[in-house]
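Next, two complexes with subunit A in common: one pairs it with subunit B, the other with subunit C.
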Partner chain A sequence: MAAAQVHRMKMLSLYREMLREAQKFTGYNYRMYAVRRIQDAFRENKSETNPELIEGYIKKAQDNLPIIRRQATISQLYTEPKLVIESDTAKKS
Partner chain B sequence: MMTTLVRRSLGSAWRSSSVLSVNGVDARQASTIPNVKEEKNLEGRALYLDAQSTTPLDPRVMDAMMPYSVAYYGNPHSRTHSYGWESDDAVEHARKQVANLIGADAREIIFTSGATESNNISVKGTARFYKSKKKHVITTQTEHKCVLDSCRVLEGEGFDITYLPVKPNGIIDLKELEAAFRPDTVLCSIMAINNEIGVKQPMKQIGEMCRSRKVFFHTDAAQAVGKIPVDVNDMKIDLMSISGHKIYGPKGIGALYVRRRPRVRVEALQSGGGQERGMRSGTLPAPLVVGLGAACEVSQQEMEYDHKRISALSERLIHKITSELPDVIRNGDPDETYPGCVNLSFAYVEGESLLMALKDVALSSGSACTSASLEPSYVLRAIGAQEDLAHSSIRFGISRFTTEEEVDYTAEKCVHEVTQLREMSPLWEMVQEGIDISKIKWTQH
Partner chain C sequence: MASLCRLRVLSSIQNFARIQHIRSIATRSSSFAVLQQGLGTSKCNQNNLQQRITELTRSVRHYGSAAEMTITSIQERCTLVLKLFDKVDPEKVSLESKFAEDLGLDSLDAVEVIMAMEDEFGVEISDETAEKLLNLKDVVECVADRLDVAH
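The block that comes next holds the complex of A and B.
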């Protein structure tokens, strides 16, 4: 039980951190994709109880986090103009 | 004189970059010639719905490639030092990643510059290698230009080519294929997914027919690999072309699968150092190869997720457009198709005008290779589309990175612009009055 709780805490903190980093993509499509993919992956495996599988998911998330961090940084160095729908939503809000 | 010009242009670059972006430098301004006048588009950049022409580079792929552009720059063919070994290891790892995706052995993968080169090597290379015994090649009318043009070259060299017609749904008739085989048929080249209308050919049946007649089966799978399951053993494929930039990988890299058992031999088109088992000489671009490998691995992991999502977006787009517009025809078979490629004909509307009207969505009326010409697409003509419908078609390409908002925006814009263009069209008016315009004699003489 204790192990499960440790896993859960680890997962949650990874989830939050990945989402926070994914938000930093400046390109609309990359940002939307990263956020959606992270959410979908965590939701899909939310009720997983097999500790081995959970370890695997944690490992995968830990591998992906630095990728997101690096690529989001690159996207901030080479920005692209905002898309038509982005300025539309900006007008509405 | 020169300095003032440079200074002035740099100055304008500075100003415009500060306008365009807050944090960073606009990608174009950062590296390109600064005095290129850019079109100021205050409304924003167009949406990208042209995934069949090319796809954006996946950040995971970019991340895999970066080290080989900045740190590990060795020539993968250098055998005498660690710089070469590092690159070679990376290339061989990528070869395995590509092979895994298609159920092949790593030794059967040849890296090329893209699907065009792979198609050229397959069609010309195989035919030429066996030319002393066999002189006949089968292909279809809806193949990509590079296959058709390679076949034309072979015709000039004395080969016979059968260009199979396709049914109105874009799929070949297996009976016609069966009838086309001859004792001297060497190769049958049929693409897996059409780049313009997205239809899937019955690969497995074609593969079996070819194998039983000892004819090599080549497939141009640039639009299929990484998007739908492809297994070279299950489908009995002997040669297969793969492209990097259609699967969120880098441009300028592709691969060719060449079967080892039963062995397929090809004559190389390019002479040189004998890299890639002598079939494709030239130093491998290690960063691009690594990118293709990573793109294949990501595609393999994401195939199910992507397919589900792209299918939903595709349905959403088609439903939104067809529920509000009459006389919209979907080109190609609606079931045996890749959902990310939606080709619609809007009757009584000229495709090019619609593309102009939809300027804030990046779309195409067909293949990018032929988009400069005003000729209607030969693929649409091959499926029997009338000249006017072939002229009024638009291809919507949905990718891994497309969002619901983009699809909705595109559908709404499309409905709006088609309605407007039709209101201006005298043909549409006549149709509304019940005149059958196909019966009208337009010319006097």
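The block that comes next holds the complex of A and C.
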């Protein structure tokens, strides 16, 4: 029970951290892909109970977090103009 | 014939120069007049000076402080954020309704809701605190704490 609780906390904080990092992608397509991919992957295995498998997923997430972080930073160095669908009509006065 | 031509050219250049000179004097005097008008020290010109200063400073951008927040405005914005969340039925949203039981959100959704609230108000809510926020009322209180709003 205690282990499950620890896993739960770890997963939630990883989920949150990964989403935060994924939102930093400047390119719309990469950003939306990363966000959706994270959401889907976590949802897919949310009812997993096998501790070993869960450990594996946590490891995978921990490995992928720095990759997302690095790629988001690189994307900020090479920005491209915003897509038409991104333009915020509310901000135009 | 050639010398006559040259003379004509010369005289036209002289004419041009004269016109230029007159024009420069004209602009100088007019700008001087504006200066006198704007920077005059006599009392009758004080208003004028004030007006001019206002005109000059108008193009400067002024940054305002953040909008005044009250507990009701926080409540309204939190409710709106939650209603706009994809998986939430807007009609079920109230301050008391619990994320998990009443709105049918799992813990992953709850994390996303809390992240949306953070973005809305520009505050940071730690994992441990976020774990304890079970309904909208808790979130509102937490945000109000972060923004130093009495509740």
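In this text, the second predicted complex is superposed on the first by the 87 of 93 C-alpha atoms of A that agree within 3 Å, B and C clash if a C-alpha of one lies under 4 Å from a C-alpha of the other, contacts with A are read in each partner's own complex, and residues count from 1 in each chain.
In this text, a contact is a pair of C-beta atoms (placed from the backbone, for glycine too) under 8 Å apart; a residue touches a chain by one contact, two chains touch by 3 or more.
Being a predicted model, the structure only gives us computed values, none of them experimental.
When the two complexes are overlaid on subunit A, subunit B and subunit C sit side by side with no clash. By the touch criterion stated above, A:Leu19 is placed in contact with subunit C alone, subunit B being left untouched.
Contacts of A:Asp40 after superposition on the shared chain: subunit B is touched, whereas subunit C is not. More residues of subunit A lie in touch with B than with the remaining chain of the pair subunit B and subunit C.
Touch criterion met: A:Ile68 reaches subunit B, while subunit C stays clear of it. In the superposed pair of complexes, A:Met9 makes contact with subunit C only, with no contact to subunit B. In the superposed model, A:Ile54 makes contact with neither subunit B nor subunit C. For the pair subunit B and subunit C, the least inter-chain C-alpha distance in the overlaid model is 15 Å. Overlap of the subunit B and subunit C contact sets on subunit A: empty, with no shared residue. Those residues of subunit B lying in contact with subunit A across their complex are 20-21, 23-27, 30, 41, 43-48, 56, 59-60, 62-63, 66, 305, 360, 400-403, 405-406, 409. Listed in rising order, the residues of subunit A touching subunit C in the complex are 8-9, 12-13, 15-16, 19-20, 39, 42-43, 46.
Contacts from subunit C toward subunit A in the complex involve residues 106-108, 111-112, 114-115, 127, 130-131. The part of subunit A that touches subunit B in the complex is made up of residues 25-26, 28-30, 32-34, 37, 40, 64, 67-68, 70-71, 74-89.
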